[in-house]
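Here come two complexes built around chain A, the first alongside chain B, the second alongside chain C.
And then the complex of A and B:
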């Protein structure tokens, strides 16, 4: 898994590719803790090259979601692959995030 | 530092000198009073507009002494060198705050004034409650500053509207330096009457809304759902009963999943869009569609190792099944996602995915929709 990011004002854009499995999610969670500052209100995750998401990956998304929603922020997931989209659907999480 | 000469007489100059020497004490008093006011108000859960305190500036005190210096024997007679102000939203809260202040500070009843009671029945004016207080030793004591417990300070308590009136009155009628004609003062006083009525109305409206909420809560708690209109207030009260909890936990058991608590409130607009008008309609959804919603969740989660779900998944699946069983099809699901997430191209893809997986289920086959 590779993480690229760009910060513009209060928005953090992240590009995650490959498989967000248990090991990669641990790395992503650590990255999130280090980079998701209090000034960030909106997060956009580019998912076009994300081929798999595990429960641990969903936990990272929920952590981001719960950190920014009290600030009236938004977590947007862009260009979901069908596999990742289905996981979000069946867990009820697709209705929490903004999916573009 | 250079000491400014205000041209005051000897008596007033001595009071001013006493003020200068006690400025650090006033600073500490301000800190203690403000902190205590905020603490006791915060502990009761009372939500007030403003809690503030200030120490009178030297220039302001000199101006006061110039005007009415003979009235004061010592600095302690000027009771508003430290002034605190608590502004509430509703008039009845002024009395609640006053009661808290009585319990926190030593109130000098002889010097305190309830200006709300000073007006004759046929007049209006400056409505505010002023307490002259002292900091009791059991609240704060510093042997290096013994005066801190003997110097009086003032607490003003008023509503937001009383505060607005008093601020404007002060600005126009008192601070301008020019004597204001009586007719204008009369107009300001008439306005005080209007604001008093507005304060009463605000309190009355709040009380009516509180009564309504209590009534609705009681109907919800007693299960009289058919009498309860579906709206933001009632749906929130209903959700507090955790009506979808059993189904959510049953779904979680499929994979021993962790339930992430999320709000189900966004589904209110969907339920209303489905024509639901009372909580009884939501109860029927739960009663009539739970088995099929579980069947849908089992078919989706059963073959996976996903062990985390959103707590709103049960209501989401109930609505999904409702749409499908009532012939809404793929288009109906797309409308649901548009209502929840806004119009995006993914909604159609998602609807197709969910419809495809649901089409294998018995309730769809029974309906002959596949």
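And then the complex of A and C:
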């Protein structure tokens, strides 16, 4: 897994590449805790190269979601691969996030 | 045998029956014909006799009348010329001249009527044999007529009179004399004028009348019943006199008379006006002589006809028996062919699925012979973990091809059992069969040997149609090296090849009866139609049923002209894999490589990967107290199209299937962060089962991967 990010005002754009399995999710969770400051209200995750996501990965997304939602922020997922999109659908997560 | 001889007897009896009926019919017809013919012949004879009798009567009457009239006509002339005795000669001559029926006539004067003439004056004329007329005076002969009864009778009674016929003293001809008194002017009878009428014509007439039949005769009786004329010269049989009485009584009729065993028909009737009667007597056998001859001829012809009919019946019977025999032979051959069909069908395996206990191989086949027996074959068997199979086509059809087919199939079985290379088997079969060039027969054949562990197919093709590999979305003809068909050349070295059958792919083999199935317009089914059907499925039973249906649609009832055989084999290699990992999250990185080779579809692979990861994470998180404490066993296997994964650990009892599934319809803030893992496992896998056994947690998951 590879994470790239760019912060613009209160919006954090993240690009996650590769597989977001249980191990990678731990890394991503740690990264989130370090990079998702209190000033961030909106998060956009670029998923075009994200080929795999496990329930741990979903848990990271939920954590982000729960953190920004009280600030009336928005979590957007861009360019989902079919595999990741299916997992989001199965778990009902697709309705929580803004899928672009 | 018994049946045939009974039929023979039946046939013979039937023939005899027909013959007897025909004979009876003929007899009946000839009986009716005999009766009517006999009656009509009798009528014919009767009519003939009646005509003769009538004619004789008329002629006699007419003859006598003409004499009477002629004689009476001259009596007055004589009376007027009594004073000129010499004129009497002229008168007699004139009478003869004028009346052709008269043979002689003369005047017999009473004695001494003319004083200047002789004591008995007798002028007369007569007709000689050459037709000239001579006139003479009989007194020169000294013929004393005046005391004869026929003379005195006429003088005394003073009436004309006919004598009975008698033979003339001049020429011995049959004559009859009419005499009439001549009176002078004083009314005194002075002479008798007589005229002899020749009855030779009457004699001829009755002889003609009798001459119709052999041995027939005619008799004329006078009023005393004495024969006057007869055609037997006086030799009248005594039996004749049985009809004397009716004849004398002037009756007309017929009567059967018998004398010395001869039956005759006598027809009689009155003749003339002086009490005469004539009879015509014909022997019965002469009347019916012609009829008997014709009748005998007809009977002979009838017999001949019966003979011919009998011969025809005999020949027909023999023909029928032959037909029946041929029918029997045909039926027997049909029965034998049906049995042969059964035997042949018994040679090719026909139980499907053939290996129900195996889940790595699916086979379906069909053999449809154009006739009762055919020259196509297929076979398969499993030996030492290898599936041996073959398909073949003997050139030609029918019994000869079926015999070669049986030999080929037996050789395939016996050779393949202890060989391991198809080309070796092929060569051995070729050598065993020998060259059959004298019968112009050969066999195209494909032999394959599939290693059920590896999917490696080694094969050898002897001139047969190339098989087709059917994958999920493609159908490809196998490229083959050419080899000669079997039994063309002894010592020929067959070349083998090999390829790998991918999991779930199907090898479709067929004989040219498929691609060359013709419709009524002689269009072939062709490879294009075949490939189209093969693109639709990889399931052997479905391929063959759909192909058969497509062929039926194409041929549209046209007669099948070649054997049609199809064999479809789907291979599912059984893959198993084992992995032991430590009870650590870091171990999940082993998962992708572990399952990679079970599946080719990236989407399915990703789902399997995710489910397995989630299940492992669950075990790591909940089964063991501490990470790294124990081990987890990972077993994966694929059966046909289903992947089965079994995770075994020795941790504390933990049943993931018993955990509550999170409600994904809750508002976001109320949703639990955990529990999604087991949800994903359930959703992504087809089955999920937990078992606690031998202090171990055993979680089994399956998913259909194709």
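Definition applied: the second predicted complex is superposed on the first by the 100 of 100 C-alpha atoms of A that agree within 3 Å, B and C clash if a C-alpha of one lies under 4 Å from a C-alpha of the other, contacts with A are read in each partner's own complex, and residues count from 1 in each chain.
Keep in mind that, in the parts below, contacts are C-beta pairs under 8 Å (C-beta built on N, C-alpha and C of every residue); 3 or more make two chains touch, one makes a residue touch a chain.
All figures in this text were calculated on a predicted structure; none of them were measured in a lab.
Overlay on chain A: chain B and chain C clash in the combined arrangement. When both complexes are overlaid on chain A, the residue A:62 reaches chain B and chain C alike. Residue contacts after overlaying the shared chain place A:22 against chain C, while chain B stays out of touching range.
Look at A:11: by the touch rule set out above, it reaches neither chain B nor chain C. In the superposed model, A:3 lies in contact with neither chain B nor chain C. When both complexes are overlaid on chain A, the residue A:85 reaches chain B alone and has no touch with chain C.
Contacts of A:36 after superposition: neither chain B nor chain C is touched. Once the two complexes are overlaid on the shared chain, A:52 sits against chain C while remaining clear of chain B. For chain B, the stretch among 91-99, 307-315, 325-333 or 343-351 that collides with chain C in the superposed model is 307-315.
Taken together, the two structures place residues 54-55, 58-59, 62, 82, 86-87, 90-93, 96 of chain A in contact with chain B in one case and with chain C in the other. Note for the complex: chain A touches chain B at residues 54-55, 58-59, 62, 80, 82, 85-87, 89-100.
Of all residues in chain C, those touching chain A in their complex are 585-586, 588-589, 602-603, 606-607, 609-610, 613-614, 617, 664-665, 668-669, 671, 673-674, 676-677, 679-680, 683-684. Contact residues of chain B toward chain A in the complex are 257, 260, 262, 266, 297, 300-301, 304-313, 316-317, 337, 340-342, 344-346, 349-350, 353-354. Across the interface of their complex, chain C is touched by residues 21-23, 26, 51-56, 58-59, 62-63, 65-66, 69, 82-83, 86-87, 90-93, 96 of chain A.
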